[in-house]
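Both complexes below contain chain A, partnered by chain B and then by chain C.
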Partner chain A sequence: MSPVLLDVNGLTTRFATRAGSLNAVEDVSFTVAEGEIVGLVGESGSGKSVTGFSILGLIDPPGRIVAGSVKLNGRELVGLSHAALRSMRGREIAMVFQDPSATLNPVLTIETQMRLAIAAHESLGDAAARARCIEVLGAVGIPDAARRIEAYPHQFSGGMRQRVAIAIALLNRPKLIICDEPTTALDVSIQAQILTEMKSLAARLGTAMIWISHDLATVSSVASRILVMYAGRLIEAGPIAEVLRQPRHPYTRGLLGSLPGIARPGQDLVQIPGAMPSLIDLPQGCAFQPRCGFADAQCATMPALSAEGARSFRCHHPLAAETAP
Partner chain B sequence: MLGFIIQRVLQAFVVMLVISALVFTGVYAVGNPIDVLISPDATQLIREQTIRAYGLDQPLWKQYLDFLGRLVRGDFGRSFVYNMPVLDLIFSRLPATLELTLAAVLGATALGVPLGMYAGYRPESPLAKAIMAFSILGFSVPTFWIGLVLIFTFAVSLGWLPAGNRGDTAALFGIQWSFLTWNGLMHLFLPALNLSLFKFALMVRLARAGTREVMLTDTVKFARAAGLSEGTILLRHVLRLIAIPIVTVFGLEFGSTLAFAVVTETIFSWPGVGKLIIDSISTLDRPVMVAYLMLVAFFFIMINLSVDVAYAALDPRLRTRRAA
Partner chain C sequence: MTTAQPAMLVEVEAVSKRFTPQLSLGDRLAALLGSPVETRTVHAVDRVSFGLEQGEVLGLVGESGCGKSTLGRVIAGIHPPSEGRASIAGETVMGDGRTPLKRTTRIQMVFQDPFASLDPRVRIGETISEGPLAHGLVSRTDAPAYVARWLTAVGLPVEAAERFPHQFSGGQRQRVAIARALAMQPDVLVCDEPVASLDVSIQAQIINLFLKLRRELGLTMLFISHDLGVVRHLCDRVAIMYLGRIVEIGPAAEIFAAPRHPYTRALLDSVPKLVTGSDELVTFKPIQGELPSPLSPPPGCHFHQRCPRAEARCRSDAPQLAGGTDEGTGHRVSCHFPLAGEA
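Let's turn to the complex of A and B:
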């Protein structure tokens, strides 16, 4: 096992809204080893993106981290000054977003945007900075990078645009990249391409990744370990093959059941009944309880995260290891 | 791009022709200049001679065609009142208005955009709220009243600044400008401030709305995630993204102020074209009115053209669409 790069412990991020305060992320703990790709899965509103932004220290008011710690190579990031966080972002941890046509600035050339990202961390000469940009663009698979660098984002296709965004994230050679659904907005064929390329790029550069997605299938093709979030809490974690084969939390099994690839042809997909509760008005105890077929009186208390080897889950009635779906 | 400009210049010719017809008929309908030009006790003979001398005995269409004919040769006619070529008359007054307008619009933009961006960046801060409150004042209080208050405060009570006229001027490119001398600059300050308050408020509102919108986009989040400082994000990303509406309003305000700075010019006795056009309307000085209104139309066409060219410079997406 490689040494631990990122250690998130008891992270809790709270948003004060007009309707009351809510914990978008509550008591989330996990680690990412150097060079490891970890998948973070959950529905919209489960807190997976907020977890990513919390790690980067990019939570805007009215939100803030109220508890927990985020350690990068042993250095505590929670509570760092704005300036220290800014210089950490991009250089040690970078982030890629869902829609490249929204993240790239339409009125600046690719070169300008890349040079701004370099200039945020070091002062390179004109020629050196340009050479670095071209090199990284080439590495993410942009053909004819030396010429294309002068183009504007709208002159690229969706897949190429996302490659540019990935190149910007890679520019300062970060040790960790948080990928917030970077393939969701792309065509399916391009998705697969980018997935494969990012996986091999990460392996080649030794960059660790947190791959945030609502799509189990995508995550299972890149990540070695998976974290499942529900209503702001981590409810199951473990090596991806084991979790997919034998989910211990009923919610994880529900997610798996709703995958088209796993259901038999002609059969309806299994749906999880109901919807995720509002974070402002969570049920007593386990948040999944109202939708769970196994729920009983015990579920009115919050189950602890119990560990079994490399796996952990938060459930009073874990699915037995034998009852594989 | 060149094709686009040529197309616009051809359009401009058609527009100018239509404007000239409209203006000529409109001014014809305003009143008969003869009643103003000739003293009531002149004999019938002198009256008829004068009418013929000015060509006013001809039917309207004939007068218009004669006017167009002279126009082609660059002759806008002579002022009835000043008895000098109309263009010379207007151009002798134009620099005064031009420098007043430029000072007002540039000042309002240079100050309004940064303050508006700050107000959009930190909408909850006390300074942002003060800026917005001030901008409401700039919108709602009438120009003439602010002008009088400015004169009363700074010229009459405090005696810091002069109350009117252009002051000393110096020549540049053969034209007299006030802003080149200290005394002239002092004279320019109050009327320019008066004119700029409304534009300042407008720029603040535009920049604030744009900044608030852009700050929430993924572009800004992504830039932050790459480690860019807030200053760099505001200057390099946000300013570029909010520039188009600002340039549009800049052009419109520049044009309309150049043409109609009448109120401020009157209050501060600023000898610009605004005063000239008001005077020529009251004396029914037709050639001046016609030439002036056509010049205004021409300015607007040129300003809109420059704004469109600026769009293409500011937004690369417009460039390719046009080239395609």
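Let's turn to the complex of A and C:
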């Protein structure tokens, strides 16, 4: 096992709203080893993106990290000054967002934007900076990078724009890249290209990744470990193939059953009844209990995260290890 | 499978749809003065023909910009076709007089985003009953019971009629949109990515609802989607579109098991699969390159620039949609060098 790169412990992020405190992330703990790709999976409102933002210190008021720690190579990131966070972002941890048309500046050329990202962390000569930009653009699969670097974002297609965003994330050789649904907005054929490229890039450069997504199939094709979130909490974690083959938490199994493509065509999908509860008004105890077929009186108390080998789950009535979905 | 062609409920005959943006005032003046002005025409749909049988669910699949939504809208009578004709039970949907058949109730549409397709200031009951009242499908006194019936059919409580859209989640709103469409008692339902904006667990609920409605009402549907898993689950037949043309059409089971068009094959290979074996190696065979611009589609077969099988002929000569050895099942492919059809 590679040494631990990122250690998130008891992370809790809340947003103050007029209706009350919104518990976006509640007591989330996990680690990412050097060079490891971890999938962070959940539905809208599960807290997966806020977890990513919290790691980078990108939570603005009314949001606040109220408890927990995030350690990168042993160094605490929670509570760092604005300036210290700035020098860390991009250089040690970079992020790729879902919508590349919103993350790229429309009035700057690709070269200008890329050189700004380099200049934020080191002073390189003109020629050296340009050469590095072209090299990284080429690495993410942009043909004719030396010429395309002078273009503006609107001159690129959606897939190419996302490649540029990935190139910018790679510029300063960060140890960790947090990818927040980087392929969700793309067509399947472009998604397949980018998944393949990112996986081989990460392997070549030894970059660790947290791959945030709602799509189990995408995550299963890039990540080696999976973290499943529901209503702000981590409810199951483990080696991805094992978790998908034999989920222990009823919610994970429900998610798998919801996927068309596993059931026989035309057959009813195994659906999870109801919808995710409001994060302002969570049910007592396990948040999944109102939708769960196994729930009983015991579920009114919050189950602890129990570990079994490399796997862990938060459930009073875990599915037997041999039950296949 | 029968060899005799059953009567089609929906007939789409050589439908084309082009969009030409209006020239700006300056450009029009320049054109008047005789300078060459470039008009940019988007060929969204290019001579598409197919039929839809009574009670059948046809999946229309393709990537963004392939024209699937435009085709759906032409069939639903929202856009007039530039050429060709779409008809339902023999009646032209939108003829030369440009009078939409939409004024009758034969066809209804369910859109992708239930946050945009419902009027936020109108109660759900009114949203559902407005159309049926206007068309005399129900009297004002019977309207509440009629609304209740359709709310129940889509799995919503009867009290929902008194509420407003913002009081519902995305999945529930999509149920309202489906109830609104069904309350018109249409012959055909056109669904444009109806589950694409929903979370996985909610998506499964809506897919199950479609399956149930299909069983109970014998719905005929055109189901537009980019999600091959959903289409495979729900549809009897599938049509694959690429840059305005149908490149392959046939029974869903056959197309998913043994695609004949290189684009269909590549599309299927691009879909990430759930990996549950720790030793399984994930390899994609991504399609090279990107979708060409519909402003200037390549000559010949639109796919030839990205196709591993392309030869000289593909660059000049557009293939026709034709049946191969499987003509009995209606499996047709538009390719000079189709795949053998092995799994």
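The working rule: the second predicted complex is superposed on the first by the 325 of 325 C-alpha atoms of A that agree within 3 Å, B and C clash if a C-alpha of one lies under 4 Å from a C-alpha of the other, contacts with A are read in each partner's own complex, and residues count from 1 in each chain.
Just so it is clear, contacts are C-beta pairs under 8 Å (C-beta built on N, C-alpha and C of every residue); 3 or more make two chains touch, one makes a residue touch a chain.
As the structure is a prediction and not an experimental result, all values here were calculated from the model.
Once the complexes are laid over each other on chain A, chain B and chain C both fit without any clash. Shared-chain residue A:168: touches chain B; no touch with chain C. Contacts of A:99 after superposition: chain B is touched, whereas chain C is not reached. By the document's definition of touching, neither partner reaches A:66: not chain B, not chain C. The partner that reaches more residues of chain A, of the two candidates chain B and chain C, is C.
Contact with chain B, but none with chain C, is seen for A:120 once the two complexes are overlaid on the shared chain. Touch criterion met: A:157 reaches chain C, while chain B stays clear of it. In the superposed pair of complexes, A:216 makes contact with chain C only, with no contact to chain B. Contacts of A:268 after superposition on the shared chain: chain C is touched, whereas chain B is not. Touch criterion met: A:58 reaches chain B, while chain C stays clear of it.
Of all C-alpha pairs spanning chain B and chain C in the superposed arrangement, the closest lie 6 Å apart. When both complexes are aligned on chain A by C-alpha atoms, no chain A residue touches chain B in the first and chain C in the second.
Residues of chain A touching chain B in their complex: 56, 58, 86-91, 94-95, 97-99, 102-109, 112, 116-117, 119-121, 152, 154-155, 165, 168-169, 171-172.
The residues of chain A lying in touch with chain C in their complex are 43-44, 157, 159-160, 187-193, 195-196, 199, 214-218, 220-222, 239-242, 244-245, 254-263, 265-273, 275-276.
Interface residues of chain B, counted against chain A in their complex, comprise 217-219, 221-229, 232, 236-237, 240-241, 314-317, 320.
Chain C contributes residues 63-64, 169, 171-172, 199-205, 207-208, 211-212, 226-230, 232-234, 252-253, 266-267, 269-278, 280, 282-287, 290-291 to its touches with chain A in the complex.
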